[in-house]
């Protein structure tokens, strides 16, 4: 038993950088956190007040622009309200929902959206993992790889969509004659494939970045230990890296699934919804802006909102996805 | 230059915990005082209250005779060195050291002169134009010291300033700190977790536990005359061995044999509420190989035989771990010390006795060895409150004293 | 050993090349189209046979594009500044203070990050028409701020948590007031985080299409992505392809510059903000 054997704050600045948190090694954990945050003011009430005051503007803007409109949209969805015939505005209960939910265009769009979501997210997960590994572990040109991978993420979706559109346009494009001599963007199956390709191109880097953050959490020593224990590269990946990365993967999947469900820009530019390639966002937009039917448009808005909420709920409850930030204040 | 007085200083947090309880401490002008104790003992909180970084819940703090409870840190004229060094990463070494002087609105020439002077003392002259990120740990530490000394404050506060350095550098920097403090003769309060630093650096050491002061005194006094179990266990490396002892008809039954006790201790134990179970404390250095002592010395102690578990040869002496039967002594203080060492749930096998024998000893692992220990240097503690029963008027005299 | 590392390097190098080609082809393609002359536009060649700047001259000569560019820049900049300021206040509170409702705020911003924006299009369309915000700059800036805030709050609180706050204490011990400690020590350290966040938020606002096309109706507040899609049907261009591509390249340039110069910051901002825990 050697009392003096524990170097205080051994976990601090092990990498030689200024971290600053270690000074509190001498204070019990539950107090450390509070004190670390507010070194001077012990006045809890002042601290609360300041905290609320600082958050208020952000919270107000966010609520004003989301919560109120979504409630308003529920209200609108219960009315017959077509801007071309404003006189006919009246409260009709759930009739708009009946109209939408018995409409085959809606269900086609819903099917298309689901298809795009499932396929793109699945492909992106695989490609994104590969890209994350390349960005994280490549021996040469890490900077170049990361920079070029960021370009699809940063580029305006509409610009990319135009690029893809012209690439597949007969006569103009370098890809148009790749498969058949027809025009790929005039047929449903090939149009959907191109939409998905454009989506995947655009968002795989984002997926890869999220996964790379997860990769960075895998301790190098753990992989070395697995190697010495006789694990092959594949076993190291599946048995060591994936379990550690699981939270990051689930978060990436959640974000990307919900994002993919919103697909709009690419479809708008590539096909404008022709040949039954509309997504739910596209069809809601068409009803509202093209059709000026606020009642039906709002009904679709509400339905999309509910669908997204269900997807998020499934992720959080079934897969136990830890929402980022939900553990704030617990760790670190 | 100033003295610092803490008068019944307490610190309560809003959540109801008390981090520091009624601390009374007078630090003389120019004195080097060490606050030491395990994690959570309140030493850093005490330092932060002196600095003005924490409010004082009750009590009074006086610097140079003046009450400063409500003064902001900048009005107290004291400098602080942080464990993380807290160097401003966006400033060069020169700018870091000049920062307090610039805030004090000194003119450029004076600032440069003072920075150069401090840099010279700490051998930082060649590093003045570098950024902290390009410095080694030891260099950063010296810059942090430089920033503190450059403004010649009334007092230095140091919060574990060496704990981020590796062991060798820490020993080296210890002497630098010590020399610097003597040279400048500035009142210094130094917080550490490391009892070796506490023993080697300070004029006086303050041992804290659970927010309260356990004992204040020069290092040697704390070593020789620990007031309680906690101080005894905290000071000394390797730490004191603690064994259970049962009082029986004027002797103590221990796993090392029957230990005789003198009149003074006996009187202590005669009271109706006197404990029957005691804790016997023996420092490793008060053991010796029974083959190596003369008759004169032998008479002052007693001998026992025990199997040798492990021998660690340190060159100058040997650490010999003996397997001893019997229960490990337990008390709240000992558990806290063990927890602080990170060994709360790991006791190793059996009750091992750590002894520090002469290098000439021929002891080998696995044999049964006859070992002697000095009865004049042993301590007896009351397990219920940790009090040192062998202490008389602040002096410990072993179990045999009359 | 040397042999295997060379082989590994070649293997990684090939993978790198694949990634670079995959990422850059669509960008290079649209650039190539923008430099083609009308005669060679439909030759299907990846590299232009004749180079021309005519397309760029055309778009900068029209009000339709210049006006949209001004709108895009103005709206994105204003939204970025406001979102970063509000986000920084909230992120400071989240990372440094203890107050009730903190988790609710984190939860709400997470919800908004995942919110289907199209669900807001109908109600906002109606609300903005009533408030007179429809087809104005504020009409777009408001939803941009809202959807940029979660991003800003996450990224900034991750950055703020990394700031060694001990330095604030050190500055106070060195004689600084609260204000001086903030201005001279904390602010310079927080600046990179603010800057990175601003880039991410700007990219977000710059990219938006759905709000821009739903909540605008004239050149008064139409942004470039929307204007691009309207080039198609506009009669003033005989064949809008070259003009669309030139305009597309113009709005892509700032993004590419950001990515080139601040790759490291963007990566750290995205990864720290998006995945915590």
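Going by the order they are written in, the chains are A, B and C; count residues from 1 in each one.
Following the convention adopted for this analysis, a contact is a pair of C-beta atoms (placed from the backbone, for glycine too) under 8 Å apart; a residue touches a chain by one contact, two chains touch by 3 or more.
Treat the numbers as computed from the prediction; the structure is a model and nothing was measured.
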### Message
Counting C-beta pairs in contact, which two chains come out on top?
### Response
A-C
### Message
Farthest chain from subunit C, going by mean C-alpha coordinates, please.
### Response
B
### Task
Please work out the Cα centroid separation of subunit B and subunit C, and write it as a whole number of Å.
56
### Query
If you average the Cα atoms of subunit A and of subunit B to get two centres, how far apart are those centres in Å?
53
### Task
Measure off the straight-line distance from the CA centroid of subunit A to the CA centroid of subunit C, and report it in whole Å.
15
### Task
Note the residues in subunit C that touch 2 or more other chains, in rising order.
164, 166-167, 169, 172
### Query
For subunit B, which residues are shared contacts with two or more other chains?
53, 82, 84, 86, 89
### Multi-chain contact sites of subunit A, meaning residues that touch two or more partners
18-21, 23, 34, 39-40, 44
### Task
Would you tell me which residues of subunit C are touching subunit A in their complex?
5, 8-9, 12-13, 15-16, 19-20, 22-24, 26-27, 29-30, 33, 41-42, 44-46, 86-87, 89-90, 92-103, 105-110, 112-127, 142-143, 145-146, 149-150, 153-154, 157, 161, 163-169, 172, 203, 206-207, 209-210, 213-214, 224-225, 228-229, 241, 244-245, 248, 251-252, 255-256, 258-260, 263-264, 266-267, 270-272, 274-277
### Message
With touch defined as at the start, can you tell me which subunit B residues reach subunit C in the complex?
### Response
51-53, 72-74, 78-80, 82, 84, 86, 88-90, 99-100, 103-104, 147, 151, 157
### Message
If we count contacts the way the header does, which residues on subunit C are in touch with subunit B in the complex?
### Response
164, 166-167, 169-177, 180, 184-185, 188-189
### Message
List the residues on subunit A that touch subunit C in their complex, please.
### Response
18-21, 23, 34, 36-40, 44, 47-52, 54-55, 57-59, 61-63, 65-66, 68-70, 72-73, 76, 131, 134, 137-141, 143-160, 162-164, 166-167, 171-174, 176-177, 201, 205-206, 209-210, 212-214, 216, 247-248, 251-252, 254-255, 258, 261-262, 264-265, 268-269, 280-281, 284-285, 288-289, 294, 297-298, 300-302, 304-305, 307-308, 312, 322-329, 331-332
